[in-house]
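Presented below are the structures under discussion, each in the form of structure tokens.
You will see subunit A twice below: alongside subunit B first, and alongside subunit C after that.
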Partner chain A sequence: MRKMRKYLVITRVSLSNAVAYRASALSRFCFYSLFIYIFMSLWRAIYREGSVHGYSYVQIVWYLIMTEFIGFACGTSIYNTMNDEVKSGSIAYQLGRPTHYVFYQFANSMGQVLLNLVSFGLLAVALGYVFVGPLTTFSWAGLPLVALSVVLSIVLNFFVLMLIGLSAFVMEDNFAMYLIYQKTAFMLGMFLPVEFLPEGMQAVAKSLPFSYVYWAPAKLFVDFSPALCLELIPRQAMWAFCAVVATLVSYRFCIRRLQVNGG
Partner chain B sequence: MTAIETNNLNKTFRTRVKSEGLRASFRALVRPEWTEVRAVRDVNMRIEKGEIVAFIGPNGAGKSTFIKMLCGILHPTSGDISVLGMSPVRERRKLAMSIGTVFGQKSQLWLHLPALDSFTLLAAIYEISDAERKRRVDELSEIFGLSEFLKTPVRKLSLGQRIRCEVAASLLHNPELLFLDEPTIGLDVVVKQSIRELILRYNSERGVTVFLTSHDPADIEHLCRRAVVIDHGRVVLDSSVEELRGGYLGTKMVEVSFSIPQSIPEFPGVEIITGEGGMKSTIAVDTDVCPIGDVMERLSGLGNVIDVTISNPPMEDIIAAIFRDQEGAS
Partner chain C sequence: MRRKGCVNLKKHLKIFACYFKLNFASALEYRASFFSQAFGMALSNSSFIFFWWVAFGQIGGRIADYTFDDVLFIWAVTSTGYGLSTVVFANASRITQLIVTGELDTFLLQPCNILLNVLCARTSLAAYGDFIYGFVIMFIFYAGNGAAWLWFFFGVVLYGLILTAIVLTAHTLSFYLGDATVIGGMATEFAINFSLYPEKIYAPAVRAVMYSLIPVAVAVHLPLRLLGGFSAVQLLAAVGGAGLYCVLACRFFYLGLKRYESGNAIVTRL
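Take a look at the complex of A and B:
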């Protein structure tokens, strides 16, 4: 029980720490709002009437609000944190403690994520109502499953980023790997729903983990159906599980090859 | 009882090398070249419980790498390590419960939160109950004089206050062994002295083993009974600080300023290093031959002294002197 408690306390302290960055949160709120406004204007220019690939204008704006909510609120800077820790040598403190490094980082990141979930969640709903009004296809009954999908998305995104971050233990520069992940996820769901891709590409996108970070929860949010849930959530869970296992296995490999700067 | 034991310990890093110039940069892109750096070479060491040992050497000598292997942070390339009877590689998390670390140039405290919050976090990490945490924080707060600033965000503390919190944080879980990697770096003389006194007090009251690296000879003189000198990853000297003091640490540098150009008369144990006959001179005093008080008396007797600064010779000079003697002996 004490072993579990330590990770909860880490999250609690990191939440206290996150609250200290008020100016940063405010600037992120502004950037998020501006981003939504610009892309909403773009979609308005594209949509004259009707729907595109099954998404109405209102749905596509709420889709955008949801994917950006996941990106801004649920995204973590774990990749940068790990790179900085290896380069500065401060990783020595993290590794010198009676905690599992991977779970320590997860618990530590969740403080910021929890704060953002609430604050960005309220902002996202407010923006959606102000910009395009209520989402008529939203299902209150489906909300718990959408929330589960968001949680799986957070876990998947975190562990993929941690996997990339772990490469800093053995590589001099891992920015290219981060860029590939970020841009692929952007194209396969964050910016465009997978249905907007050419048919052949859709199948490829659905067979890769990237779409399950943004597309799956946003699709469930704007177009909920039990059948869609049964299709998407197990796949998300499978990819999240694979990411966790891959991170733990990689950690065991990378820790043996770690080179800490400054000694 | 043995606290630390290493046998033929080695650590080799693989580092990329590149010749100078643009052409070499492109060549390295296609065919990168690597070199092996042996950071620690065949180190055999045994430290008993309760000892305070100085581990000294120039920058890049392998001190921090050695400490990080003892903590289980880095894995050795070859050789054996036993710390408090445990293998740092296989039992890192178990060992972490019994050791404390301070890396003087890095912080383990949360910058935007009061040190008290960091203590709460560390207490949870080390599985200390709430009642025990409160007792330990009160105790450490009293020993280290933290009560005034425990609730102040760490980023607003002075360096001296922060280091006191860092050392206290590393002692929160009552470790049997303390690794201090340059704990007094950047501190002023008064704070350095208070940190040393705290470490000594903790060692004598609790029997905590202390493994210290420092570039300040005064840390070694005041804290340690044994010194191990390392260079290029190899142990070049392992002796008592008493012996080291006799040979190397007994020398003090005295910088003296005069109101008019002044010659310093020769006397035993004193060597004029720079500025003979000028307004400012530096002399090296062998305190075993001539106590520093006698030197001050003689300098005052000259009548024209306006300022005097006494310091230890730089660690680099001490190590260079050790190497000269080692080479002479071989």
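Take a look at the complex of A and C:
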């Protein structure tokens, strides 16, 4: 419990920092609104040509609002932070702290995420109502489980990004790895629901962790059902757990390669 | 007078070539980084093609009057045009930083065209991936179509110039408003996103912006229209419009430069 408290303090301090520098979020609000506008326009044009299996137009716009919300609000810059710290050597300063490096970074990122959840959440709801009106399939009773799904997606995304950041210990440049992860997650959920993929690919997508970052929480948000929850949330939890364990194991392996020179 | 102009042009072309050679050599010095970033960017672009492939698979026909091949054409022009702009003129997006930190002083002291010197001083490694990606699309989908290649090259040159002019104009606002990083970022995002999707998906007011304030449609959607059917009026309008926009962007920069106050920063350019 005592250990837990110091991480809560780190999160509180990082939240205060995020609130102090809230003006920097303005450009991200604009980008978020721009992307929603573009994709809303695009899907409106697509639905004008014909119907798309499984989702109504309103549902697909809210689906995109939700996936972009997770991307903008719940994403962290941990990959860049890790890269910079490993390459510049400043990781040595972090290792001297009386905290576990991985959990310190997690706690430190959550301040910004918490602020984003509130601010982008309000913007997302406003944009959804302005662009397409209310989501009739939304279930208030299912909201806690949707929130749980969002939390799991934050954890999964954070630790996968940290895993990629840790690869800076062994690779000169891991930017390609980051892009591969980011775009695979985009293809398997952010821009397109998994149900839109060709049938053979759907099974593959559902068996990989990438779909559980964007698709699972957004699908639950627009088409909630207890059966769907039972199908998606345990899988999300399993992948989040795997990502945490893989990160901790990689960290132990990578930290042995670190050479700190005084100066 | 004409001879002097000719010598000047030659000198500046030489500077331009030197910068390109130097930047490319510098990129190759970090080979793993260079190839990894270029490959990553090309791969990143492919994910959007996948999106379109699935979207057209759902519908089966056209989306906002564009076929799948049309979308690939605008993607090819945008990707290579963006690559051209950021490989050759990558420093355009750093103009705000140069102004705010006073680093612009270094460029003012050198005996050559200030704007050219500023724009060409840096390259982007990842942009080589964007540059090549458009060619890959063209080779796969338009290999034997000479007209498509002609309009592709036309669009790429126009897009490279217009995008640079847009980014330059947005960052030049730093002379007037202070730090314009957000405006610069927004202008770049608008310019790229307006080029990647069929123009008819947007409302008329947005389309008007795409042909005036942020005129990327002139470089991407107009060449596609010219590929469908040649029109001398449209061709002249595209060239004239792009030329005028670039000239105005340069004038705007030099007007802003008059307001610049040196920060007495001592900077070393390596």
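In the analysis below, the second predicted complex is superposed on the first by the 255 of 263 C-alpha atoms of A that agree within 3 Å, B and C clash if a C-alpha of one lies under 4 Å from a C-alpha of the other, contacts with A are read in each partner's own complex, and residues count from 1 in each chain.
Heads up, the rule we're going with is that a contact is a pair of C-beta atoms (placed from the backbone, for glycine too) under 8 Å apart; a residue touches a chain by one contact, two chains touch by 3 or more.
All values reported here derive from a predicted model rather than from experimental measurement.
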| item | value |
| --- | --- |
| First, second, both or neither for A:27, with subunit B first and subunit C second | second |
| Partner chain in contact with A:3 - subunit B first, subunit C second, else both or neither | first |
| Touching partner for A:13 - first (subunit B), second (subunit C), both, neither | first |
| Subunit A residues contacted in one complex by subunit B, in the other by subunit C | 172 |
| In the complex, subunit A residues that touch subunit C | 26-27, 30-31, 34-35, 38, 41-42, 44-46, 48-50, 52-53, 172-180, 182-184, 186-187, 191-192, 196-198 |
| Subunit C residues within the subunit A interface of the complex | 30, 32-33, 36-37, 39-41, 43-44, 46-47, 50-51, 54-55, 57-64, 126, 182, 185-186, 189-190, 193, 197-198, 200-203 |
| Parts of subunit B lying in touch with subunit A, wherever the complex brings them together | 13, 16, 62-65, 67-68, 71-75, 92-94, 96-97, 99, 101, 103, 105-108, 110, 112-113, 117-118, 120-121, 124-127, 153, 181 |
| Of all residues in subunit A, those that touch subunit B in their complex | 2-3, 5-6, 8-10, 13, 16-17, 20-21, 88-93, 95-100, 172, 255-256, 258-260, 262-263 |
